[in-house]
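Below is a structure I'd like to ask you about.
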Amino acid sequence: MSAGFHIVVCGSLVPDPLQTLEPIRGPQGPGLKNEMMLPAILDPWAGHALFEAANLAASGGKVWLLSMGPKAKLQQVMMSVAQKAPFELVVLDGPAGGFTDAHFTARALAEAIEGIAGLDRSRLLLFGGWQSASRGAGSTLQMVGERLGVLDQFQGVDEIRVQDDGAFVVKERVEGGGYLVSRCAGPPAVLGWATGNLPEPPNNPQLGMANMRLIMPALQRAEPVPAEPGGLSFASVELPKARRETRLVKDLPPAEVAADILAWIKS
Amino acid sequence: MEKVLFLAHNEEGGGLSRACLEALSAARDLAQGLGAELAVGLFGGEVSGAAEAIGGCGAACFLAAAGPVFASSRYASDAAACEALCRASGAGLVVAAADSRLSRVLPGVAQRLGGRIDTHLTGLWVKDGSPAAARWFYRQRMVAEFTRSERPWLMSVESGCFEAFDGPGAVEPEPVAVDLSEACKRTEVLGLETPSADEQTIRPDAELLFVAGAGWTKKQADGRTHVKEAEGLILDFLNRTKASLGSSKSLVDISGEGHEVISYLTHLHQVGQTGATPRHPKGLAACCHGEEPHVVGWRFIGERRAINLDAGCGWAQGKADVLYVADAFEVLARLNELLARA
Amino acid sequence: MSASPGSRDQEMERQSMDADIVCVGFGPATAGFLTTLCRGLAEAGAAAESAVMPGMPPQVLCYERAEDIGFGVSGVVTRARGIRASFPDLDLSRIPMAAEVGSEKVVYLLDPVGASRRSPALRLIERLIPRGRKDHAFELPWIPSFLRKEPGLVLSLGQFCQWVGGQVMASGLAQIWPGVPVAGPLFADGRVSGVRLADQGVDRQGRPEAGHMPGMDLRAALTVVGDGPVGPVGRAIDERLGLPAGHHRREWAVGMKMVVDLPEDCPLEPGAVLHTLGYPEPEIFGFLYVYPENTASLGIFVPSWFDNPARTAYRYLQHWMLHPYLWRYLKGGRLRSWGAKSLQESGRAGEPFLVGDGYARIGEGSGSTNVLTGSGVDEAWTTGVQLAEAVLELMAEKRPFSAENLERTYVARRRASWVEAGARRAAKARDGFQRGVLSGLVGMALAGLSGGALNWPGRSRRPHERIPSLEDYCRGLIPAEDLAALRRECAAKGAALHDAVMDRLGWPEIPFDGRLLVSHQDALLLGGKVQAPAGYADHVVFKDPSVCAACGTRTCVEACSGQAITPGPEGGAPLFDREKCVHCGACLWNCSQADPDDPEASNIEFRAGAGGLHSAEN
């Protein structure tokens, strides 16, 4: 019985994972060197959340994707994301970097959700990644949830099973490769997704075309959200320096390599 | 004057987890460095055992939000308990472990208190009379040191970064009343699903992390794949050494692509850029290849060794202590033989 | 209609969609096309109406194979005549990595290691060069005007394409969809009626599996083919229609390039341009363009007429960088980005039928590259602009995109333009290279200085007719039995031969520094960020495995830019690893075996594929 869900997926862009990242200090605080030139993707865990949302809403309901990031970069990323799942885009033209305070992001997102026309908060499922690949804090969604008064929250979610009575069972990752299984009476709820169980959907050009009719206007409408300095101040941001002296062991028979490794394991 | 609250929940058996004991050390050090008062806030089903386990920590007060309703890890009740403990303590600085239960609830608590939160700290100290912290950004690619002026400031610390506190003592925590509305009970915890000991391949407390790379499923010199053989060799090795299993992203992705797969591998095993960055004293990587973004999977591993056919392998060069240029299939087979004899 | 390459009958229903114009590939040509078209459509306003969605503006779609705009293209130096005409008030500060050409040098590099293969004639000429130079190089005192790019621009084509693409999309009048490989053209009633996208949710052989989605058919009144020289749509049209009489596509080169953070004390100024020749082999040309912020694009071109069957661009690139003349600038630098691309070097001789009913060809795949001036981007851009002007004209006249109308509007514009004039001057400029480097250089000079009236003749040969056996190539340098032993050693390791052969020929070991000089695999990861999404079929296919089994040369393995093609088991075809492919397309023309059914083609099929480079800095 997912017909009624109104799912808002919070997710922004992060650098494509294989890019070389280097911190720099700018007037607004730390950032990444060549940040605007780095190819970007939708934050992977938020991406999983979006696919799960689309899957849930396939039999009814609606999905919004709420993204805060530089408008030009978001436009680019949307050309890939738009082909994956049906959604309506809500854009905030603001910072998407990892050094932005989660508190600031949460406030901006919560205000944007409050402004979504047609959103029924009693049917709200607030989705997102359980952490971003930039800040990696795992705190924004909970704060957005609190601002919206949502008391049922789950993090590290890999599965949601909706039951006939509108309740749903959620599996959250816990220590040691296990899951905490909970049953929630129904929306509203916050779900911070881990990987989930769905594969990445194929690129669907028709979907892309349909999404695009709303994406471009949403991008054009996007209001700038200026960063606020707040009380967070960075003393330094550095790449790890330690480079190990790697001892190369070549031309040793496998049995001797095995013996060497065993001695090391036992040491 | 600053006041530091150490916030924790009890374990199933009644005590505190190692992660929480480590966080207590971080909180104590911070309080000491600031000349601040330390308070302890405990929540859970029954917290007296937990309180006694740390009774000697020197805290000025022990607060507790306990009872059956707080026994299970549920956001709404946990948030209410933590909020009450924080308010009762009056602390401006709150330190807790970044375990799954606290990581889920602390940001919401910070919001309720009108405070701020920083999570997954790997360092916490006092600099110029103020707290300073370190944490990693961009999936463990870069580390930052920072401070903040807002209070209350909630902080969660990563496991493996501080010594676990050891100092039991008799103590009777002071109960704190928690206003728990019916709305907080809409979620019912059904239980834990944990892999059986035999199926267990993620072992956070293991001495050794074994990282399997995509090379295990690639065609070998004979032009064929040997995935079943790889599966047997790896599992045998894990069972004999009780090592924890991690896997590169590419290997996990392959498993999801309908190729011949290593059957027991899931996304939970993934280490690196979009996976975990576990902490173990030793790590052995085999058939992994990759550069910076992938290698973060073993950034927090103490001693590192790798087996790879490519001497120039980016996973190992400059990042491992020893690189064995060898066929991992053969080495693991011999290693398992030796382990069987040992 | 016909099935497209790589397609097969599907049980699942194939979707189809109608558009007004569908473009294939977003390189400089399509960028020029869409920039001009969108401006024209914006000016036309409501007067320009979609035929498939009445009341809406024309539906213009562009599908790009790579996973983002500007992935996998190149650093360029260009006179930017066409680009500046489109952007008269061009503000370079808005385009990252762009600068005005400041200085230009052509440098002849001597061989400081003694391992390159130089003809006696070349050795004789080199004796005339003053000795004792520490940098083993000779700067030409004068650059012929046909080679000069001043006043021009150095650009990262990736960044330029992103800049243009962003504006095109923001106009709302065209959509550019990256990550969507186009399998091939659709033909109906003798005309190109659109394109078919690549199947998704298939295994490596193209068989349906989980998440199967047959590639959609996109039907459009006009298909704009801008998918480059190895693009599957352009090549499928060529296969079906053939090339105009006397035309061929036998000359190629692979450009392998890097973007490098130069060392802090590097004296090169933004806009500095270096062209090199002579080293690491006389047939290999090099370039270095300096961008702002102490960054440079550099690389080499390895041509199809370099008759070395173990031609590895990667190893040669490293030796080139280590040349003392260049290394003094590069030492201490750091690799930022890396990639490779095939260049169609047949020039006007490789021009296909530019238009037909329902389609038009633009850019490099349309033979627009000027092989005398070594300029392709500006020409490609301009052909796109010309087509857009033609399309706007036909739309205004409400005339169909027939061969005749496109000929009258697009082809006529092109023929009357500087692009065509330049192409004619360049038509035979490189023929001399068929006979050797010296005759090639003399031929280029003759053609350049005489405005194309003179040239050094040379009969063009198909790549597979040129590539000698390794034994022949190494005759007199490596004894046959040693070569056989190298073959055995490399086969046992499943490795390509080129490193062993080059070591044996006296090329020094590369001193890897983990920053700029890195292993080939690390260049893929560190520089190219190469990756491939799941669910697509292999796009490199060995047509007849028995031909491969009998092939002793296997240039495909040696030349593969990403080490994606490896020897494989004895008696079979080489192995292909999709996850390492950079989509340079060099395997297509580096195959030493002819297609049994088509002497102009090789035994390798290069289809539409997803993935590849993930860097937009190249």
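Odds and ends about this structure:
Order as written gives the chain letters A, B and C; numbering starts at 1 within each chain.
Note that a residue touches a chain if its C-beta (ideal position, glycine included) is under 8 Å from a C-beta of that chain, and two chains touch if they have at least 3 such contacts.
Every value quoted in this text rests on a predicted model; they were computed, and no experiment measured them.
Taken as a contact graph, with one node per protein chain and an edge wherever two chains touch, the assembly is complete, since every chain touches every other chain. The interface with the greater number of C-beta contacts, when A-C is set against B-C, is A-C.
Seen from the Cα centre of chain C, the chain whose own Cα centre is farthest off is B. Innermost chain of the displayed assembly, by C-alpha centre distance to the whole-protein C-alpha centre, is A. If you average the CA atoms of chain A and of chain B, the two centres end up 20 Å from each other. Averaged C-alpha coordinates give centres for chain A and chain C that are 36 Å from one another. Look at where the CA atoms of chain B average out and do the same for chain C: the two points lie 47 Å apart. Contact of a single residue of chain C with at least two other chains is seen at positions 210, 525-526, 534-535. Looking at chain A, one finds that residues 18-20, 199 touch two or more other chains. Counting partner chains per residue, chain B shows two or more touched chains at residues 256, 291-292, 317-318. Contact residues on chain A toward chain B in their complex (touch as defined above): 14-15, 17-21, 23, 30, 32, 44-45, 98-99, 101-103, 106, 133-143, 145-147, 151-156, 158, 169, 171-186, 194-195, 199, 230-240, 243-252, 254-255, 257-262, 264-266. For chain A in complex with chain C, the residues that touch the partner chain are 16, 18-20, 34, 36-37, 39, 72, 75-76, 79-80, 83, 199-206, 208-209, 212, 216, 219-220. Looking at the complex, you find that chain C touches chain A at residues 15, 17, 61, 63, 67-69, 71, 96-97, 159, 162, 165-166, 169-170, 172, 175-180, 197, 200-201, 210-211, 213, 216, 218, 336, 525-526, 529, 531, 533-535, 614-617. Residue ranges of chain B in contact with chain A, taken from their complex: 73-76, 79, 99-101, 103-108, 110-112, 116-120, 127, 132, 136-150, 183-184, 186-195, 200-204, 207-208, 241, 256, 267-270, 273-274, 282, 284, 291-293, 299, 303-305, 307, 311, 316-327, 330-335, 337-339, 342.
Remark: chain B residues 218-219, 221-224, 250, 253, 256-258, 289-292, 310, 312-314, 317-318 touch chain C in the complex.
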